[in-house]
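Per-chain numbering from 1; labels A, B and C assigned in written order.
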Amino acid sequence: MQQNDENRTPRTVIPFGPQHPVLPEPLHLKLVVEDETVVEAVPALGYVHRGLEGLSSIRDFNQMVFVVERVCGICSCIHAVTYCHCLEKMMNIEVPERAKFLRVIWGELHRAHSHLLWLGLFADSFGFESLFMAFWKVRERIMDINEATAGNRVIVSVNVVGGVRRDLTPQQCRWISNELNIAEGEIRALMSTMLNDYTVRERTVGKGVLSAETALKLGAVGPTLRGSGVAQDARQLGYDAFPSLDFEPVTAPDGDSYSRAKVRFLETLQSLELVRQAISRMPQGELAAKVRGNPEGEVTDRTEQPRGEVFYYVKGDGTKYLPRVRIRTPTFSNIMPLLAMLPGCQLADVPVIALSIDPCISCTER
Amino acid sequence: MNRLEKLQQWFNKRINEGRLKSPWIVHFDCGSCNGCDIETLACLTPVYDVERFGIINVGNPKHADVLLVTGTVNSRNRHVLKNIYDQMPEPKAVIAIGACGMTGGVFRECYNVLGGVDQVIPVDVYVPGCPAKPEAIIDGVVTALERIKVKLGLIEDPALSSGEAAAALEPVSSFTQTAPEKGVESEAAALTGESSAARSSAFDAPASDLSAAGATSAKETAAQGDATAENPAGETSAAAFEQEPAAQSETAGGTTPPAGKAQEHDGKTV
Amino acid sequence: MIMLLPYAVAALVLSVIAGGLLSGVDRIVTARLQSRQGPPVLQPFYDVFKLFGKTHSVVNPWQVFCSFVYVTASALALLLFFMRGDLLLLFFILTIGAVFQVVGALTVNSPFSQVGAQRELLQMLTYEPILILVFIALSMKSGSFLIADIYRLEEPLLPSMPLVYVALGYALTIKLRKSPFDISASHHAHQEIVRGVLNDYSGPQLALLEIGHWLDVVLLLGICSLFWSTGVVGMIVLLAATYFVELVIDNVCARLTWQWMLLRGLCAGVILCVINLFLLYAV
């Protein structure tokens, strides 16, 4: 305990992480508290840094797809999609329409499973263990879809430069639509608990308020930004098959943890709907375009991951090794808003607020 | 005195039964991409439900028996990992999950990665996969319980019954020769009173014998171990950390545990 | 009262077993409510035996002393209950045990343990006035604080004191460490202070605390059973229904903050008791 002034309450430093049952990842926050009110939060990162961007100098640009997929196991498909976009731009490859739709299908399934995972962990953080179990039980349906269509539950590895590697048969498409209908029914059954239950609202409403101006000023992205009422979503840029799908960003006005949870909950339902639309509108065609030559030039690309907008910069020099791959992940942008939300909150609210930005530290540190 | 002895025996039997039927886990993400972590958390949820086996995810290393580690080790998080391992009271087991936990996986050539979990702490079971499926993780925990049974002397070590299987079971590459066997050895000796010399004769196998690696508790491939052994950064750090002269890594195993390591272990059992 | 001593000691030994089985049933029912299967019913016994077999890793010797005092106090309080003794004396012995558990956590310098200990004190601050009011209500009906006098009543107490029973439910939720009041050390869920007041106890000390917790649960269910002291069947039905309602509430509520518990939980409990007594005696 440190005494700062004669008339100030003594302050304690509580270390939160890197190993903590509430946090699935090693994030270290030194919380300076006065009597259970957080005064300051000092982050310490670097526990997950692997330096995988450096692998682009020893793995050729086709192998890097699989490395980049493992930046984060939860948003893995969309990392691969963004990387492939960059290389396709550099090498002027036209991706077939069917491949674009397939990318959207697997991408939106990833978004749905990521949000359901998050909703479960969020419920666990304020002690609602049965809701955690319920959300993860629904999520298993999506995991089954991943496993049946791509072979792996979590890291599906379906993207290659030029398109996708796997196809969906009409029978699989019908089965997926059916499963998603059932999943949607189960998710809607949890809606009244997640959004209207008294104890849930007591723990989340008004906690970690982020106004729209602060969010934009500090560079928040994704549901953290949309929970403050700003309708910005990188899917509005119209990449892949999104121009052919009916898509509007989901927002909530209040900017607290409850709003962010509501945005993610509604986005889950929206993702299931987008998958069903993509399945019904998918044209026949090739799976991947041929890749010739080596990448050269500098190119950037942005897509929407479950946590927000991800930004890739790729530089090629005519050889099959890329001299630079730079990834700016959404959590990297959302950490400053988190540090702005924490002062003034109670100790019991720290996991709720820290989880409400959906931190993915392995994305941040690569 | 006979009644007292019987009571003590009954009590010890119950304690051993408790150790097998109630392994509490602490899960540490040590630089992982989160794939293996979410599969580990999925084990606690309805479809897989490891609470059937008595497993609870206590977040506190002081309450836990089994440490589930995912992810690669770098110079920053290895202190945390060692700290958590040291806080756990004996008897304990360590399970390294996923390709990253075993050897560093896809990232083993990255500049900030030192290697797998066994760079820092002795590992009992390796669960392969990228990410490892929940079924594989449950299988890994059950295998760890079998290893605990061997350590407690309740069953014969299946490795000792046949010569080649013995060599295949213990990971004896030059990369990791000190940590796993010595941990298992000294604990088994402490708990069952066997002499360490008798057991370690099984470990005198050169790395080339690791052709049949069928058991889930063995490393995936010996070639992996050899390739990573050539990694100078990995070897130096392993050597520096384990306080071993580099020359000793050539003799796979060795008959006596290195003095530093054994004392380290004994010190922990206070 | 002393004549009941051998019966009380036997009941105490059976209570340890009953408490463990109850804890096992608790976990199975909770798991089934969460669409899982749950552990075997003897699981708490395996847990406790395993903890006894761990090597000691105490931070300081006070923890050993405090865990012994806690389990002894719980056992003495339960013994007093089975000997049909004085309710107030029972309450004080229970409090001594709970305070020593907190003291053991306070002797450790870790911030989680300190915060957990302070929250446990706040929980005691909430449930103790409610318990005192419940005992006062019982004594007003039976004429004295002795449990023996409650057993001499001919009518069960529940129909005339339902609000007091609901207030006792608040105290029961806190003592059982169930949501929404599992604030200092939750049984299964994860919280920001890890295991709170139980954080730095491990091995045999944790086993003793677990056994003490079972005895506390049995004691509190015993106090609940005083509300239907006239028939065994009615008593069992009441206790089963109460415990099941506690489990359901645990599974439909998130964990609330200590500020909520202190302001609204305590006030609700006190007001319910006062209203009930008012309706009984002043109207």
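In this section, contacts are C-beta pairs under 8 Å (C-beta built on N, C-alpha and C of every residue); 3 or more make two chains touch, one makes a residue touch a chain.
Please read these numbers as outputs of a predicted model, since none were measured by experiment.
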Starting at chain A, fewest touch steps before arriving at chain C: 1
Chain whose mean Cα position lies farthest from chain C: A
Separation of mean Cα positions, chain C and chain A [Å, integer]: 43
Geometric centre distance via CA averages, chain B-chain A, whole Å: 33
Chain B-chain C separation of Cα centroids, rounded to whole Å: 40
Multi-partner residues of chain C (each touching 2 or more other chains): 34-36, 188, 190, 194
For chain B, residues contacting two or more additional chains: 45-46, 57-60
Chain A: positions in contact with at least two other chains: 20-22, 133, 137
Residues of chain A touching chain B in the complex: 18-22, 24-26, 46-52, 54-55, 58, 66-67, 70-74, 76, 117, 120-121, 132-133, 136-137, 140, 143, 152-155, 360, 362
Touching residues (chain side chain B, partner chain A) in the complex: 26-39, 41-42, 45-47, 57-61, 71-72, 74, 76-77, 80, 84, 105-107, 109-113, 130-131, 133
Touching residues (chain side chain B, partner chain C) in the complex: 11, 14-19, 21-22, 24, 45-46, 49, 51-54, 56-60, 62-63, 65, 87, 89-91, 269-270
Interface residues, chain C side, partner chain B - complex: 27, 31, 34-40, 43, 45-57, 188, 190, 194-195, 198-203, 206
Residues on chain C engaged by chain A in the complex (per definition of touch): 33-36, 111-112, 114-115, 179-180, 182, 186, 188-194, 251-260
